[in-house]
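In the two complexes below, chain A is the common chain; its partner is chain B in one and chain C in the other.
Coming up: the complex of A and B.
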């Protein structure tokens, strides 16, 4: 098992390397960091632009292979992902944004997974009853609604009265001071983006949970559980739900992990400077090193998601363990 | 024997033996269905007495399982139930889920059919058993675990302390069913309901499990309500029998009466259609023509009238009630003509159902002079043994087929028989997979398959056809039957006109009508679908047909017709069959020769009559002795050889003789002799003109 994990991680490292290198070359060919300076008004002198860019390993006059080599050795030898086009450390930016994304996603994903499973199971138990039909329609409506619309919609609702019900721009109000008030204010700012993510995720998970649960409800082992003397509710919760969440879990894990770079719209609309926002911003600002860093991060988490979902699966299902 | 309460630790007041424990009267169940209400059970009455075994027998759709489910109160919410189910003097119908749950598992234990799906896959066997105990008894976790270990020991799980924490998938089918029985008796029930408890099991395992069920009954003194379609199991287990047809009991009585003097045409037909292991010469079976009526709109009159050879006008207008055969007797039937059957001058039951004449076989050449249609030489197939679906890694080699030799001559049937895991299916797949790589050789019609090019293989495919077990799965449901039959013809380049002529011909050949070509598979019954499968296999005029359990998904009354058809086709078209099956009774009827497989090897082979009458390998003997006979008297007298334990894993075959770990003979041998079994792999020894067995100490033994 240990050896197996090591080998798998080794394979992952190779995959991440390939993905990152490909992204680096692609970004270097298509993105032009010098535009950021050339379009400035007044325009700085050309040679100083390129001297600056050269310092950040972004100078288009350096052969791309040489730039790649410097970039690569920086990462491998010093763990340094380079500089953004305006000289900031990519590492610092990355660290800050991962934290922001984590905060934003943590509550949303925990609630989303639990809520999705609960709603799905509940629907399955009341299949074809009005509550099931209503929530089926509702979830398809929500699934069909782009996140942008949900986010903007929520914002509009929030501000429909006089002034916003809850604050939402950014992570917290910069005018607030003191630890506790900042934390509370931060939580308040978390409400709308979390709600947005929940509205997208709960219907998604609940549909899957509903169908796996329906399979289980007709199963022989549930009948056995009841023949032993468990009441319907007990049997469904202890034997049914426990078995029915297994196939949903890999999906949840993948979704949760991939949200790190996938919550772009939510972050953009609510002004959270997380990874999703960075992914888009770094491309629009022609920021080669940032794009490459995001790529490495994304490749890494995709693979971690795979590993994690397998581990979760094995933890839940004894059949795959042996 | 210890007193039951001492074993199970539940003090109960037992009803005196013979007093009624479960009384079902006028039970009716219906469900909403797509075509209208399905009246699955239409008035069932029976009484189960303390300590007895009552079997409810019937074919699929007879309502027997629904009856059992209704007794447990586990019918789906949309079922409509009426009548009465009384446990002692408590009425069970209409109890709330809460009150019914207090009875389920405590007063009524349940054993279901398929033990793999009937246990929750994610909890260990011990956890599930402990749960069963703690629902009804006030036990600490430690006490419950101790009790669980006792129960597992009681049902014969070896080394329960080690096995208790295993998960259901780590148990073999037989062990899972033992665990199910342990759960059913955990709270010392008054009634055990066993719904097809051995249907999913191999015959030697079935014998073990039935033994455990008897023991469980002894220990608990419970009455058993046994739901089954297997008349052999009934004959061996039941004191009394209820035969159900179309949702109603049509005949009830003691097992002896019912098997010896059945008085209702359906029962007579059912008993006549069962292929028997103890039958003498190969004779045609007696099928019951037609299919059971639809339970949605049942025609008026006797539900069996459409299939009954002695029906009269009254049968089609008035449904007969269940009446005692002679006043006051327990033997009762639902038939207007019951009094005439087997009465002097009445209707004799033998010959009531017309038995087709056995097809005349061309006298033909002696076996040795007939050409070889298939020869398999030293066929071997090993698979890597992988573990884990997430963390896959190879941990060994599965010797699925490990050196198999046999041949089939023109016009004969060889049955390849064995229990699951013996390698018969892998052998079949190796033969069918013409293009595959293999160790050993397969020659069809004298041509070594391994040496053929693509063109040669294509030609050979025409001569080698296959019929699968599940007729529904092997027919494309979106194609009308005519297209299904035309498909192989088209792939082999027949033109339209020829195809149009061939399709009706094929349908007639298998006993269907040319106009059936327009219909879709879903419109046919199981037996008819299997006929379509056979017609498709016949399309290209093959020489050899591989039949993979072709009748095991069918009810006996239908199965008989398909077996007869195969027999007729063989005689008429000069076909050769390779018949893969696990049912020895069917084999006795259809096969000329039989090869018995165990762990990837053929352990005994030869002429069917020879092998069945004088089995020489201890495994064949055990296998034959485990098959229950549909005759209660014979069943009582038989001495059964019960094999110990399960089939060893084909990844870990024992040294020397691979049957050694379970061989009853081996255990009786003197150490000097048994040493040979430990070290020396027995080769097939010739015992007669066409009879060989791979055992150092092969000796004929009569077991039937």
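Coming up: the complex of A and C.
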């Protein structure tokens, strides 16, 4: 088992390395960090522009291979992902953005997973009743609705009356001072993005949960549990739901982990400066090192998600553990 | 016993035709699926047949009415520069539809070819292809597409579709591969192989038709995925470029003004939702139609009066669910298989 895991991790490391290198080269060829300086008005002297960029390992006059080598050795030897085009440390920016994304996603993913499972199971128990039909139609509509539309729709609803009901731009209002008010304000700013993510996630998870739950409800072991004398409620919760959740959990874990860079629209629209926003902003600002860092992060996340969902599955399903 | 020649040559066509007819009948029985088909046909007609009859084309500016709401002259209102939003939306709809309808099947085609080759040839071919597939999964597709987009800015939308398809086939590819691995040992495949039929012919004539249900369903689902992918890339300015419009660019342009001029955002968005809905309906209808245990299939068989109707419906539903998993729950399946393959 240990050797197998090691081999797998080694294989993963090679994949991440290739993905990151490919992204670095592609980004170096297609993005032009010097544009950020050339478009300044008044334009700084060319000489100083390229001296500055040279210091950040972004100078287009240096051969790509040399830049790549410096970038690679920086990461491997010092864990340093380089500089953004304006000289900030990519590491610092990465750390800050991961924290922002974590805060944004924590509540949303926990509520989304629990809510999705609960709604799905509830619908399965009441199959073909009006509540099931209504939520089926609703989930069809929500699943067909892109996140942008959900986000902007909620924003529009929020401001439909006189002024916004709930504040939503950024993490908190910079005019608020003091610890407690800032925390409260921060929570208020979480409401709309969290709702957006929930509306996108709950229908998705609940459809799977509903179908696995329906499988379980017709099963023999549930009838046995009832015959043993358990109440329907007990049997369904203790024997049914527990079994029905197993196939859904890896899906939940996989999607939750991938959401780290997948909440792009939510972060853009509500002004949260997290990883998802960086995915887009690093490209639009021609920031080669940042793009490469995001690529490494995303590649790492895909692998972690795969591993984690395997582990969760193994932990939940005894048949896999052998 | 039939000879291999008759098994491969003459027996196949009538069986597949009757199966196709059966699927069609079952599909036609599904009300939601028919709604989906009707929606797609209506959208295509609207996008392609209506614009010539309109007073405004999408590149005309009506300077007498800038940023006006929906009304008699402009059904969906106008933009800040006086473009008729109805014409713009139809133009965007054209682009989104064509991108989806070309890109979806293309994605499935790539998945089918790669997956079937990996499964059929096995050995090093399999190892190399699966390794490549893993790599494609790891590479952040959005990032790469966005980084590549300046290079293709002056190309046609077709480039863009090919790029989108190139990053969407992996998970289906894995499913096709595992299906092929079981099909490879079937008698008719072995017979064809021992007769010296070219491997590619075996794949296209004997393997892929047997995975047709998965492939057809996947092609529909991919249409939705490609449309969404195009929209999100265009939204951030990496997709369809300025003089041309797609629903994505329209939505992006309407986002800042969604509070003050909601029509700029919500009309294009509504069409996007309609595309998504119709594709989902058709996909679900196909899934049920291909599934021999689904309700529509059973109603033809012997009716069992002892089983009450509601119970019957439920068993049919549960029986169909295992079949749902291969296509629907492919995401975790792929994730869990990630390291098993090499």
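Quick note on the criterion: the second predicted complex is superposed on the first by the 315 of 322 C-alpha atoms of A that agree within 3 Å, B and C clash if a C-alpha of one lies under 4 Å from a C-alpha of the other, contacts with A are read in each partner's own complex, and residues count from 1 in each chain.
By definition in this document, a residue touches a chain if its C-beta (ideal position, glycine included) is under 8 Å from a C-beta of that chain, and two chains touch if they have at least 3 such contacts.
Remember, it's a predicted structure, so these values are computed and weren't measured experimentally.
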Partner, of chain C and chain B, that touches more residues belonging to chain A: C
Contacts of A:197 with chain B and chain C, given as first, second, both or neither: neither
Partner chain in contact with A:127 - chain B first, chain C second, else both or neither: second
Chain B versus chain C as contact partner of A:208, first or second or both or neither: second
Which superposed partner A:231 touches (first chain B, second chain C, both, neither): first
Chain B versus chain C as contact partner of A:310, first or second or both or neither: both
Which of chain B and chain C A:280 touches, first, second, both or neither: second
Partner chain in contact with A:90 - chain B first, chain C second, else both or neither: neither
Partner chain(s) touched by A:221 [first = chain B, second = chain C, both, neither]: first
Common interface positions of chain A, toward chain B and toward chain C: 310, 313
Parts of chain A lying in touch with chain C, wherever the complex brings them together: 8, 11-12, 15-16, 18-19, 22-23, 26-27, 30-31, 127-128, 140-141, 143-146, 148-149, 152-153, 155-156, 159, 207-208, 211-212, 214-215, 217-218, 247, 250-251, 254-255, 261, 264-265, 268-269, 279-280, 283-284, 291, 294-295, 298-299, 302-303, 305-307, 309-310, 313
Residue ranges of chain C touching chain A (in the complex, touch as defined): 134-135, 137-140, 142-144, 146-148, 150-151, 224, 228, 231-232, 235-238, 251, 255, 258-259, 262, 265-266, 269, 272-277, 279-281, 310, 313-315, 317-318, 321-322, 324-325, 328-329, 331-332, 335-336, 338-339, 342
Parts of chain A lying in touch with chain B, wherever the complex brings them together: 1, 4, 219-221, 223-232, 238-239, 242-243, 246, 310, 313-314, 316-322
Sites on chain B touched by chain A in the complex: 72, 74, 97-98, 101-106, 109-110, 112, 114, 117-124, 128, 131-132, 135-136, 167, 169-170, 180, 183, 187, 387-391, 393
